[in-house]
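Look for chain A in each of the two complexes below; its partner is chain B in the first and chain C in the second.
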Partner chain A sequence: MMGSIIWLIALPLLAAFVSVVAQTYQYGLLVVTLLMNLLVLFAAPQGLTIIGGYEPPFGISLLFDQYALIALLLIQVLLLLIIVLARPLAKNYTPVILVMLAGLNGMLLTNDLFNLFVMIEIVSIAAFILSTANGKLTHTFHYLILATVSGVFFLLGTVLVYAYTGILVVQGLMMRLASLPVALSLIPMMLLIFGMAVELKLVPVSSWAKNIYGQANLLTGPIFAAVLAPAFGFVFGRMMNEVIVLHSLTGYTLLVMAISTFVLGELAAYRQTDLLKTLAFSSIGQSGLAVMMFTLGAPWAGILLLINNALAKSILYGVATGVTAAYGNASMGVLKGVFYHHRLLGVAFSLASLSLVGIPLFLGFFAKVSAVMAIFSTGLIWVPVIILLTAIVEGAYVMRWLLQLWSPAFEGYLASKKELPQKRNVFSAQQILVVGVLAVILFTMGLMPQRFVDALQKTQPAMAQYEMVGQGEQQ
Partner chain B sequence: MKKLVSLFLILVLAFFLTTALDQGLDFWHSPSQLDAFRMSNAFVQNDVLGEGGALVFGESKNLESGSANIVTSIVVDYRSFDTLGEITVLFLSALGVGLLMGSGVRTTLRSGFILKTAAKMVAPLMLLTGIYIFTHGHLTPGGGFPGGSMMATAFLLHYFGSDTVKSNLKPLKWIESTAGALYILLGLAGLFVAGSFLQNFLPTGTLGHLVSAGIIPLVYVLVGLKVGSEVSGIVADFSKTEVVS
Partner chain C sequence: MMTMIILFMIASILFAYVLSLKEPKWGAYATLIVSLAGLVGVSLLRGSVGETVSFYYLHFTVTTIGWYFSMILLTVYFTATFFHPFWMDQLIYPAAYNALFLLSLAGTVGLFFAQDLMTLFICWETAVWSSMLIVQQGKSRQAAWVYFVMSAIGSMATLFAILLTIFMSGTTMITDAFIYFMGSPALGGLVFGAFILSGLTKMGIFPFHVWLPLAHGSAPHTFSPVLSGGLVKMGAYIAYLSVAVFPAYQVFGDQLMLQGVPLPIYALMLLGGVSIVYGTLRAIQQDDAKRLLAYSSVANGGYILIGILMLDQMAFAGGLMHVLNHAVASAAAFLAMAAVAKRTGTTKMSELGGMIHRMPVTYVVYLIAIISMAGIPPMGGFVSKWLIFQGLSHRGLIFLATAAAFGSIGSYLYVFRPLSAVFLGQLAPKYEKIKEADPLMLIGMLLLTAMSLLLGIVPNVVLRTIAQIQIELGIDPIMIKGTITATQNGSVNMLSVFTVFGFGFLLILILFLVLPKSRRVGLMDTYTSAEFIHTPELLHYGHHFYAPFERLYEKWPSVLPLYQRLSLKLKEMGEWAETFFFHAEPNRAVFWMVLLVILITVGGAR
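For the complex of A and B:
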C-alpha cells in the first residue's frame, strides 16, 4: 500500500490542494513531495497498478516499467534541482508546479488513452500558467491557442480509436489498430500525431517555442526545456511503441516533420545573436532529432538523446537566464566575456554545451553515436548524413557562443584594469552548488555511459522489445 | 487568399472527420443491439466483474456500482480517476485566473431595486437546487459538475444584486481545498481498505435509493462543493479590473 506507484500522483495533488490554504508552507510542501516521490520510485514494485478496482480494459490502470522509471526519475530529480535553483520565482507558482508534477507523473504512468489526454491537458494548462511568468501575455496566448487546438485533435483521435477498437488501454493497442483497414486507422493516427506535435515543437507548429523559450526566466527556461520537453518526448516514445501504427503516409509525414524540425531548428539557432533565442531554437531542433529516433524505431537512442538534452538544457538555461537577468540582456554584445567574471558557471555551461553537441567523452556523444548507428541499420543512409551535417552546424554555433562568452579580449583587458564592465551578482552560493550538481551528474554519465545504460537495463522485463543500439561495439 | 486556404483545410478536415466518425460510431442502434464485446456494454449492465443479474429499479441490491444513473457509474466509479483529473483541470484554471486577475482592483456594479430584491429571493433557491442536483447525482441526470456550477451561478446573481461583495474569499478557498483533499483521501481510503486507489469500500445498497451506490454520493458532494467554490472564485476574480502592463 505505502509503496504503491499511485502515490506519485496522489501526493502532489493532495499537496497542491492543501497548499492553496497553507501558503506559508507551500514551498516546503513542494520540496517534501518531490523527496517523497523519489522514495516511492525506489520502493514501488514494477507492474500494472489498477485504479478503482476494475481491471483493464474496463478500469484505468498505471503501467510502471523500466521506461517509466527512467522518465520519472529524470523528471523528479531535475524538477527538485530547478525549484531550488529558482526558489524565489518558484514560490509564486508552487500550487501550479505541484499540479504539473502530478500531471507529468500521470502522463508517464497512465495505461489509458483518454486518461493520457486528461493528464496532457493538466500539464498543458500548468505550462500556460507558468509561461505567464515570462511577462509576455501575447506569447502565452499564442501557445495556449496552438496547444488547445492540438489537444482537440488528440481527443478526436482518442474518440476514433475507441470507436474502432472498443478499448482505451494503451498497452498493446497497436496490435488492435494494426488489424484495422488502413483507410480506418489512418485518420486517428494522423490526429494523434498532430495532437502531440505542438508540445513536441515539431514544424510547422513550433512557432510558440521560440517565444516562450526565447523570453524565459530562471524558472520557466529550465522547466520548459528540461522537464516538460523530455516528459512529452517520453510520452511520444511510449505512444510510438504501444499505440501509433505507422503507414507509409503517416510515417513519411512524421519523418519529414521531424527532419525539418531538426534541420530548420539548428539552422535558425545558428543565425541567432541572442543567447536565449539560440537555446530556444536548439531545443526545437533537438526535439526533432528525438522524434526522428522514436519514429525510425530506435527508442534507446531517443531515450539517451532526451536524457542528455534534459540535463544539458537545465544547466544551459539555468546559467543563461541567470546571467541575462544579472546583465539585463541576452545579446552577444552584452554577454561577451561574461564567464571571465563567473568561471564556475562558465565551466558548467561549457560542459553542458559540449555534451549537447556530442563531443567525445560526453553523454551526448554516446547518444548521437547510438542514433547514427541505429539509423544506419534501418538502411536510410541519407538520414545519418543529414544528422552529421546538422551536427556540424550545431557545433559551429555552440563553439562561437563559448568563445564569445569566455573571450576575455577587450572586456578582460578592461576588467583587469578595473574599469569595465562591472561584475554583477548572478547566483548565490546555493544556486551555484545546484548548477554544479547538475554538471557533475551530466559529466559522470558521460564518463561511463555503458555502466549507466546497463544500470538502466538491469531490471527490465517491459523493455525487452527495445533493442539496445550499438551493443556489439560497446561491450 | 489566406482565408480561402484555411477554409479549404477546414472543409477537408471536416470531410475526413465525418466519414471517419460515420464508420466508427453507431448512432442508429440502441446499446443492447451493439456489439456484445464492446466494454461499454458491461458498464451499461453494471456488470464489469461478471457477477451479473437483472437490473430492477428499487429492487436490485448490492450491485458492483449501484448507481441508477449509468453516466454517473462510469464517471465516478469505473473511471473515477479521470474525474479527479478533470476537477484538477478546473482547479488549475481557477488558479490561473487568480494569478492573472487576482491582483486587480474590484469593480463595483450599481444594480437596480428589482435585481437586488429578486437576487435575494432567487439566489438561495438556486443554491438549494444546486445542492439537490449534486446530492442526487447517482439517481438522476446531473451530478457534481452541473450542481456546483449552479451554486456558482447563485453566487454570480448575489454579486450582481448587491453593491458590496465581501472581498474576503477565504471561506471559498477553504471549501475548495478541503473538498479536493478529501477526494484524494477518499481515494486513499479505497487503497487501504479495498486494495486500489478510488475503489468503493462501502455497501452499494438498493438501486435507486438515496443512500446507495457506495462512495459515489460522497464523491459527488465533494465534487459539487469543489466546483461550486472554484467557479465562484473565478467569478469573483473576473469581477476585478485586470492590471496588466
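For the complex of A and C:
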C-alpha cells in the first residue's frame, strides 16, 4: 500500500483538503503527512511508476530514481524542520504548505513535460500565497507577474516541444530534440529556459527575489531559500539532463546568465547593510552557481551546491529572521553583538555561513572544490577564476556579518558587556533544538564528505548516459 | 605517535572549550599544558621522518622541514599561553578564545605535516578562520575583517593553483604533483604565481602587508605574538613549498636570468626587498608599539622571502633560520609589550616611559628581542641576516643586498624607539605604583629570551637541521664545524663573538656600578618650573619621537586606500547591478526576458 511513490503527491493533496475541514488538527496533519512521506520515500521501489495503466506517451508517469530520491529527501526533511521551527506562522498556512508540498513532490517526480508545467504552477501559486505572509502585497504582486509571464513561456515551450516531437515524456526527450534542426529546437529550448529562469532567480529576471527574500519572516525565509530554491534547482538539473538541448547560442546565453547571476548577486550582496537583503542576494548568487554547474554538464557538483546552500540557508534564514523579529530590525547597527545573548544560534549561524562560503572542514568547501574540478574538465579555465574571485567577495561580506553579529565592540576598543543590546527572547528551546539539528546535519555532512559523495555518485550513470547521447547528436 | 598527536589535539580543543565554560582560567591553563604537550610530542617526531598517517581524508607525513616549522610554531604558541590566565577577564568570549587558539595551533601543525595538497589547504584555511575569530576579540572588528579578506585573496589563488595541479597531474601528493609542471613552463608559471600568493599575503609582503599592522596592532595582546611569530611563518612554508618542492628554477629555466635567478623569482625577491624598505620606513613612523612591531614583521618577512627564494647554500639557510629567529624575537617583543599593556593599559609609546624602573625583567626581555630583531651580534638574528647577506652578495644581487643592509640599519631606528620611549626615560606619575609582570608571564618571556641568546651563541644547533633539509633537497648544505659557521666568503665563530661581547658587557657593567649614579628626574620635574603644567605628556620625549622622519614622509602614499577604493568600487558595481538587474519593478525583468528570447530567436534562425 505504502509502496507506491504516488503517495508523495496524493497524501499532501488529501491532507490539504482534510485540513480545510479539520482546522484544529491542521498543523498535526502537516507534520504527520511529512513523516509519512519520509516513510514512503524509503519504502517505495525506484523506477518508473505508470499512473492509471496508460503507457507513456499517452499516460502520465512518475520517475523515481536516485536523483529524485536525494531531492525529495532533502525537501521533506527541510520542510519538516522548518515548519517545526516556524510553528506559529506555519499554522496559518497549513493548506497552502500542503498543496505546495504536493506540487514540489510532483515537480520532482513527474516524467511528463506538461505535467511538470502544471506542478510548477501549483508550486508557484502556493508560493505567491505564502509570500503574502511577509505582509508586503506589492512584492507578492511583482513576483506574481514575473512568475506568470515565465509560466507562459514554459507553456509555450512545452507546446512547441509537443508540436515538433509528438511526445512529452521527459525521460529521453533530449534525444528526440537533438535530432531536430537547430532553428526548430532553438525557440522551445529558449522558452523553456526562460520559463524556469524566474524561479531560478537568474539575471535579468531575479528582481523579485530581492524583496520576497529580503523581507522574509521565519516561515517564508527558510521555505523560499531552503525548500523552493533547491527544488527548482533540482528540476532544472533534471531538465538539463533529459530535455534541454544546448546549442552554442542557448548554451552561451545560459552560461552568461548563470555567471552574471553569480557575480552580480554576490556584488549586490556585498553592499547590503541589511542582513536579510544580504542573504537574499547571496541566494541569488548561489543559485547562479548551481545553474552554472548544471549547464556545464557537472550535475553532481550542482547537487552538492544545492544541498549545501539549502542546509546553510535554512539555518541562516531561520536565525536571521528570528533575530530580526526579536530585535525589530535587520540592520547592522541593531544586530551588533546579538549572538552574545544567543550563543547556540550564533554557533549554528557561524557554521552555516562558513559552509556557505566554502571554508574547509565544512560541506561547502567540498561543493566548491567539486565545482571547480568539474569545470576544469570542461576546459573553461577562466570560469574557476571568476568563481574563486567572487568567492572572495562572498567571504568578505559573510565574515563582515559574522564579526558584526558576534562582537558588540566599538571600533578601536575592547568589547565590554556594557555595549551589548538588551537581551530579547528569540527562540524557544524547541526552536533552538531545530536549528541545532540542522547545524548538526550540515556539520556531519562536512565531516564525512567521502561517504556522502559516494552515495551521490550513484546518481551519475543514469544521468551521464543521457548526457552523452544528447551531446553526441548535437555535434 | 602522529595519530596520537592529532587525536590529542582534537580532544584538547573540546576539552579546553568545556573547561573554559566552567572557569575561563582553567581553560587558559589547559591551553598551556596542551601546547606544551604538543611541543614535546612533535619534538619526539624528529626521529620518525617519513612516517605517514591518514586521518579520514587528511593525510600527514613527517618531514624534516615540517618538523622544523612545527617546532617554531609550537614554541611561539606555547610561550604565549603563559599570558592567557591573565587575559581571560578582558575577553568577551574566553571559551571560544581558548578553543580557537588550540584549533589554529592544530591547523598550523597540520599544515606543516600535510602530505597532500588538499590537506595542506584545509589546514591552512582552518588556521586562518580560527585565528580571524580570535583577532575579532581584540580592539577592532575591521582589522579581523581585513585580515580575513587579505588571506582570502591569497587562499583563493592557492586553491586555484592546487586544484589545477591536482587536475593536471592526477595526484594530490605534494611531492609528486608539482613535478608535472617541469615540462610545461606556461602553465607552471601560472600555478607558481597563484600558489605562492597565499604565502605572500600571509607574510605581509608588499603590497599585501596592509592587514599586518591592523591585525597585529589590535588583536588581543596575547595573540599578537602568535600572529607575528607564528601564523605569519605559515607564509614562509608556502614560499618554501613553491620554490623547493615546486620545481620553480627548472620551470623558469628558459626565462631571463639575473645573476642566476630567473626573472619571475627575481621579481618576487624584489617585492621582498621593497617589503624590507617599506616595512622599515613605516615602522619608524609608528607611535603604537604593536603597530611598529607589525611593520617590522613586514620587513623581516622580506628577509625570509628573499632567503628562501634563493634556494642556495647560504641565503636559503639564513632564510630558514631567520624564520626561527624572528619568530622568537618578535614573540618576545610582543609579549613584553603585552606585559606593559597589562600593567598600564596602553601600547601607545607617547603615553608610556620609564618602565625600566618598574618592570626591569620585561625591559631585558624586550632589549634582547630587539637586538636579535635588528640583527646585532651576539643574538640569533645576526646569524641569519648575515647568512642572507652573504648569499646575496656572493650571487652579486646588489639591489637586494642594499635593501637588506638598509633594513638592518633602519631597524636600529625603529627598535630603539620603543626601547627609549617605553622603557627608558621618565616614569609618568600615574605609573609610579605599577609592578613587574606576573612571574608566570616572566617565565614565558624569559624562555624566548634564553632562546634568542642561545641561537646567537650556538647557531649551529639549528643550522644542523637546516643542513639536513638542504641535503634532502639536493643543494649544498651550509658548512658547520663545531661552533664555526662557514660560508664561501668567510666564517664566523659565534661563541667567540659572544665572549667578546660578554667581556664588553661586563666592563660596562663594572663601570656602571663603580661610577656615580645619575639622579632620577621625574616627568613633572621640568624646565617650566614655577609654572603649572597642564599637559606633562606633551613634554614626554616619546611624543613625536621621530618628528623629522614623520614630517619627511607624512605625505607618502599608502597602500590601504587602494584596497578601500577597490572595495568601494565593488559596492558601486553592486549598486549598479541592483538598479539595473534587481530593480523591484517587474516590467524591467519582463522586458529583458522578452527581448532576449526575441534576439535569440532571430539570431538562431538566421
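Here are a few things to note about the model shown:
The rule is short, and it goes like this: the second predicted complex is superposed on the first by the 442 of 475 C-alpha atoms of A that agree within 3 Å, B and C clash if a C-alpha of one lies under 4 Å from a C-alpha of the other, contacts with A are read in each partner's own complex, and residues count from 1 in each chain.
The definition used in the following text is that a residue touches a chain if its C-beta (ideal position, glycine included) is under 8 Å from a C-beta of that chain, and two chains touch if they have at least 3 such contacts.
Values in this document were obtained by computation on a predicted structure and should not be read as measured data.
Shared-chain residue A:178: touches no atom of chain B or chain C. Of the two partner chains placed by superposition, only chain B is touched by A:14; chain C is not. Contacts of A:256 after superposition on the shared chain: neither chain B nor chain C is touched. By the touch criterion stated above, A:122 is placed in contact with chain B alone, chain C being left untouched. Which of chain B and chain C touches more residues of chain A is settled by the count: it is C. Applying the stated contact rule after C-alpha superposition, one finds that A:449 touches chain C and leaves chain B untouched. Residue contacts after overlaying the shared chain place A:400 against chain C, while chain B stays out of touching range.
In the superposed pair of complexes, A:187 makes contact with chain B and with chain C alike. Once the two complexes are overlaid on the shared chain, A:380 sits clear of chain B and of chain C alike.
Applying the stated contact rule after C-alpha superposition, one finds that A:35 touches neither chain B nor chain C.
Residues 187 of chain A lie at the contact with chain B in one complex and at the contact with chain C in the other. Put simply, chain B touches chain A in their complex at residues 16-17, 20-21, 23-25, 35, 37-40, 42-43, 48-49, 77-82, 84-86, 88-89, 91-93, 95-96, 99-100, 173-174, 176-177, 180-181, 184-185, 187-188, 190-192, 194-200, 244-245.
Put simply, chain A touches chain B in their complex at residues 1, 4, 6, 10, 13-14, 16-18, 20-21, 49-54, 57-60, 92-93, 95-96, 99, 102-103, 106, 114-115, 118-119, 121-122, 125-126, 128-129, 132, 135, 137, 156, 159-160, 163-164, 166-167, 184, 187-188. Only residues 139, 142-143, 145-146, 149-150, 153, 182-183, 186-187, 190-191, 194, 197-198, 203-211, 247, 249-250, 253, 260, 264-265, 267-271, 281, 284, 340, 354, 359-361, 365, 369, 372-373, 376-377, 381, 384-385, 388-389, 391-393, 395-396, 399-400, 403-404, 406-409, 411-417, 447-450 of chain A touch chain C when the two sit together in their complex. Remark: chain C residues 56-57, 90, 92-93, 118, 121-122, 124-126, 129, 132-133, 136-142, 144-145, 148-149, 152-153, 156-157, 159-160, 163-164, 166-167, 218, 570-575, 577-578, 581-586, 588-590, 592-593, 596-597, 600-601, 603-605 touch chain A in the complex.
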